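There are structures below to look over.
Below are two complexes that have subunit A in common, paired first with subunit B and then with subunit C.
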Partner chain A sequence: MKSRVNLAPMLEPRSVAIIGASTHPEKVGNVILQNFINEGYTGKLYPINLNADQVLGIKAYKSVRDVDDEVDLAVIAIPAEEVPEALEECGKAKVKTAIVVSGGFAETGLVDLQEKITKIAVKYKIAMVGPNCLGVINTKSKVNTMFLPSNKLSKQHEGNVSFVSQSGAVGSTILDVIAGEGFGLAKFISYGNAAYVDEVDILEYLMNDDDTKVIVLYLEGIKRGKEFVELARKITKIKPVVVLKAGRTSAGVAAAHSHTAALAGDYAVYEAIFKQFGFTIAKDLNDLLYYAKIFDSEVRPKGNRVGVITNGGGAGVITADEIASSKYLKMGAYTDSTKKTLRKIMPPLVNIANPLDLAGDADEKRYGSALDLVAADKNIDMIVVIILYQTPGADPEVTAEVVNKKTTLPKPLLVISLGTDYTLKQAKELESKGVPVYDSPIAAIDSLEALFEYSEYKKSES
Partner chain B sequence: MKSRVNLAPMLEPRSVAIIGASTHPEKVGNVILQNFINEGYTGKLYPINLNADQVLGIKAYKSVRDVDDEVDLAVIAIPAEEVPEALEECGKAKVKTAIVVSGGFAETGLVDLQEKITKIAVKYKIAMVGPNCLGVINTKSKVNTMFLPSNKLSKQHEGNVSFVSQSGAVGSTILDVIAGEGFGLAKFISYGNAAYVDEVDILEYLMNDDDTKVIVLYLEGIKRGKEFVELARKITKIKPVVVLKAGRTSAGVAAAHSHTAALAGDYAVYEAIFKQFGFTIAKDLNDLLYYAKIFDSEVRPKGNRVGVITNGGGAGVITADEIASSKYLKMGAYTDSTKKTLRKIMPPLVNIANPLDLAGDADEKRYGSALDLVAADKNIDMIVVIILYQTPGADPEVTAEVVNKKTTLPKPLLVISLGTDYTLKQAKELESKGVPVYDSPIAAIDSLEALFEYSEYKKSES
Partner chain C sequence: MPLLDYMQAKKLLARYGIGSIDSKYISSADDAVKFANGSKIVMKLISGKAIHKSREGLVKLGLESSEEISAAYNYLAKRGKKLRPFKVLAQKMASDGIEIIIGGNTDKQFGKMLLVGLGGIYVETFHDVQLRLCPITRKDALNMLSELKSGKVITYSGKATERIVALLLNVSRMLATNPKISELDLNPVIVRPDSYDVVDIRILE
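Moving on, here comes the complex of A and B:
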């Protein structure tokens, strides 16, 4: 399958023209230019403005055709009715890619206007994203076309997870949540009305993008079903894809149609495709984060047997319940040798079992030796560490010890921890060192199961 | 059914003896006495200490029998082997209730020692909670027997939700999480090994407690099944009970047994009882909070038809999916009159439908008039307001407007909002004003469904 479009010049542009780069700080075009400057983008910037000689201290041009340079990306932020002409100019100037952030096309009934710009993009072979979208972020190349109030959206750090969203609001919300997570963002693409570039083009680009290790996808409809299936078959052999497909019910389908005019279609069909090709299916917005976190952090498990280490018996019981009632996971049984050594080194009040309840006074030494033994046990494939920081023993030394053990562990490990201030500080520390933390046993075990399922899928396909 | 024990003197004591009130600040007895002082407890305090004349500036006694006053509550924090004698003294001094926080009884195999203290409690009619427990909190009477590091556990404010936990670690963890929630705590009871006072006694007390509007319960086993069923029949007619019963699977049952020696029994039996008597069943720790929040805040719904107002189309679609795939809820259809008025006052880009997508630039006026109309619609019984604060329009004025409308609303209303810093600040403001906020559509709709189910149960039983 040859790519229809080349998105590389959009995500890694050497030069960007901002059409509608206003001198008024409240205008979208001004905010976008300001973003490029603030982010520390090091390529060339060409503000396009009919009335100003410069914008934010940068020389401005009346038309993109006046720019005496190859333009890799044009960001178009002008009223909808002026977009066709601007895009024609881009075509004549041989601009490679364009993002039309402007709204006021098919989503407000102006289908003809949208068709008009699509034809121009096709005619001049401009890889056009949008209209009616937030555009893109590349944390590495410092491209950022967001025009949202920066105080409302925390800043993501550079990482390996790329996120694709049809919906702008879902996109910005999840971007904000990602900023608070331990994992980092590689690329974000909000593609709005998908008049030309669509989910298939974007997924194909991310499939081949070395900086993207995990793809997270929010979808309402799919435009090119055949091509999507063809791509789906290939993409999950290379990297995991977590997908939330909204419109599972007739009420949801109706809502989706009224939202993006998307034909949400029969969810059962999508679900069958996702399952067949090893996609990880999310049902809720938070699932996107939960699953992204484990895929980003984890080595792949060799089997389905989980060992649970805890400092709170009750949380251990709930976690054991979740594992036992999951589809594929089960509680592992330690080897006799592990049991014997545990019995020898653990205080008498610690019952040698799985979950291994280290008790409320468990400190870093008890956690450390338990982790060593469970990690070395050949009957255990994945490790869940529960740390209730409200207990007397759990403290920053326990955090450091778990981070320390995790570094060289050949098995997946996650932490379950619930609480407010003290706990959240420890959880942040764990996550910043690459240990995924969950505030709910169900979310944790669901995520571990997703990791296991994907690993099994890859094994079966390789 | 006449109560076996009277727990009122324990939760609202006029006088408290602390047996083992050490002068050493790291000792449990010292921490507990310090707690009573710090909390501003206004009743009489009697430290019991063999070797000191005073502890923390308060006159100390060698034995509780030396106290020339009626003692409502004795908190016993001494080594296990010394507890029988101390309890005998309590009996002779006609102490009404006792909390044995000390561990080292049945949970470590010393079943005989536990039986011994139980016999003493029964003989002297002392309502004894424990051993091996955290004891109680009453936010109103300022009783607080927690002996956990105060920097690890945030402080709950006074409110209407009471929380009962067999497990100490689960108890302290959920207490910490409650501290970060908008709703407040009435009473907390951690009852440990339940040598005498058990879940039935505690639930009966809370059933009749006017300060308790919602009961949240974490259970591993139930000791007196017949009495539990008898109580279950009555309690939910009076107030909602949210229950998390750990040990749903054989792996969980085994873990529970190794944890509290509880005979977790067949979950299907418990589940049937809970369902028959209108308990709200939680499956995860966070569910306890989600459900408590909606029960604490809400007027009861008249029907199952939900109206969704949003500023993000995608989140509206996911929420509609959840409602449509729930057991009892459905998306409501506005009356023609509502539709007509909405069409008149909403900008053209707002599609008049349910979910009502107000678009990313929706401000407090648009939210306000949408809320007025949907709230007045006779086809809508419950309202979900989605506020994605990452959008340009949503800000503190929207927060204030939703709080304002909620104040007089005769229908349940909750907010769904996801995000980090900016969003969390707004969510906190909403919750502090009595508007429950959820960070996940699934959790929100599950909670609304729990509210509806309980309301229907109460209707059918009244």
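Moving on, here comes the complex of A and C:
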């Protein structure tokens, strides 16, 4: 399949024209230009403004055609009815890609206006994203077309997870949450009405993008079913795709129709196709992050046997219940030699079993030696470490020890930890060092199972 | 979407290695007795206007004596007058087994979809079905069965599982190579470890 469009100039542009770069700080075009400056974007910036010679201290042009340079990306933030002309100018100026952030097209019933700009984009071979979208972020190349107040939307750090969202509102919400997660963002693409560039083009780009290790996708509908399937067959053999499809019920579908003017198909069919081609299905917005987190840690399990280490008996049992009642995972049984060594080094109050309850006074030494032994056990494929920081022994040293062990561990490991201030601080530290932390056994085991399922899919396809 | 004639549908299935139970249209009570030839039969009224045949009392099961057969034929012929055009189909009675449904549908976005689930009267009660895009692989077929809530009931023996997997692969092949089939219902298909019977067929073109 040959790509219809090339999105590289959009996400790694050497030059960006901002059409509608106003001198008024509350205008979208001004905010976007300010963003590029604030982010430290190092390419060329060309504000396009009919009335001003300069915007934010940068020389402005009346038309993109006046710019004496190749323009890789035009960000268009002007009223909908002016977009066709601006896009036509882009075409004549041989602009390679465009993001139309402006709304007021098919989503408000103006289907003809949307068709008009699509025709212009096709005619001039401009890879056009939008209209009615937030555009893109590339944390590496410092491209950021978000026009949302920076005090409300936290900044994402560089990472391996790329996020694609048809909806702008879901997009910005998840982006804000991602900013607080340990894993970072590689790229974000919000594509709104998908008048030209659609989910298939974007997924194809991210499939081949070396900076993207995990793809998170929020979908309302798919426009090109056959092409989507063709891509779906390939993409999950390369990297995991976590998908949340809105419109599971007919109530949800009605909302999707009026929302982005997308055609939401029958959810059962979507679900079948996602399963068939190894996508990881999220049922809630939170799942997107839970799954992204475990996939980002990269280590893949060799089997389905879980070992649980805990400093709280109850939490251990709840987690074991969750594992035992899951579809694919099971509690592993330690080898005799593991049991023997554990018995030798653990204090008598520690019952040598799975879950391994290290007791409330467990410190970093106890966690460390338990982790060493369980990790080395050939009957254990994945490790769940429960740290209840409210207990006397659990402190930053336990955190450091888990981080330390995780770095060389050839098996997936996650931490379950619930609490407020103290715990959240430790959780943040763990996550910033690449240890995924969950605040509920259900979310944790669900994510571990998703990781296992994907690994099995990949194995069966290779 | 016209309904494909039952006997033609039966022939189409046979071309893909999908056997269905011995059946024949009958035009008289005598005809039916001759077809039965001493064994138990079923008689059904076939009409485009009747989808839920058993619920509407248009299926007569376990007919053995010539009296039973004649009475059933006369009853169906009378009911048929209100459901014209109609035919009366006689089938050999299938022996017991697990009833499943195998179906096909055309999704306007993605194309031909294959369905499997617990069949017979349970389909509409439990909605326990799995779908996949055609053509499916053997792995897809096994996944469909294992993801059914009733998976363990349906795949109660390795032999039964293999039988259903082979059937699913054949139906998938038929759907993928016949663009004219828009919808398909094989319901029920009665599965036993050593044999199976497709008991009812609906193909919409």
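Descriptive notes on the structure:
Everything below uses one rule, namely that the second predicted complex is superposed on the first by the 461 of 462 C-alpha atoms of A that agree within 3 Å, B and C clash if a C-alpha of one lies under 4 Å from a C-alpha of the other, contacts with A are read in each partner's own complex, and residues count from 1 in each chain.
Following the convention adopted for this analysis, a residue touches a chain if its C-beta (ideal position, glycine included) is under 8 Å from a C-beta of that chain, and two chains touch if they have at least 3 such contacts.
Everything numeric in this text was worked out from a predicted model, so none of it was measured.
Shared-chain residue A:I345: touches no atom of subunit B or subunit C. After overlaying the two complexes on the shared chain, residue contacts for A:L110 are found with neither subunit B nor subunit C. In the superposed model, A:S460 makes contact with subunit C only, not with subunit B.
Once the two structures are superposed, subunit B and subunit C can be ranked by residues of subunit A touched, with B on top. When both complexes are overlaid on chain A, the residue A:K226 reaches subunit C alone and has no touch with subunit B.
Once chain A of one complex is fitted onto chain A of the other, the partner contacts of A:A272 are limited to subunit C, with no touch recorded for subunit B.
Contacts of A:M207 after superposition on the shared chain: neither subunit B nor subunit C is touched. In the overlay built on the shared chain, the residue A:D439 is in contact with subunit B alone; subunit C does not reach it. Comparing which residues of subunit A touch subunit B with which touch subunit C, the overlap is empty. Of all residues in subunit B, those touching subunit A in their complex are 107-108, 148-149, 151-154, 165-170, 172-177, 179-180, 218, 220, 244, 246-252, 254-256, 258-260, 283-286, 311-318, 320-321, 323-325, 330-331, 348-349, 351, 353, 355, 357, 360, 388-392, 394, 418-423, 439-442.
Of all the residues in subunit A, the ones that touch subunit C in their complex are 222, 225-226, 228-229, 263, 265-266, 268-269, 271-273, 275-276, 460. Every residue of subunit C that touches subunit A in the complex is listed here, in rising order: 107-111, 113, 130-133, 136, 139-140, 143, 147.
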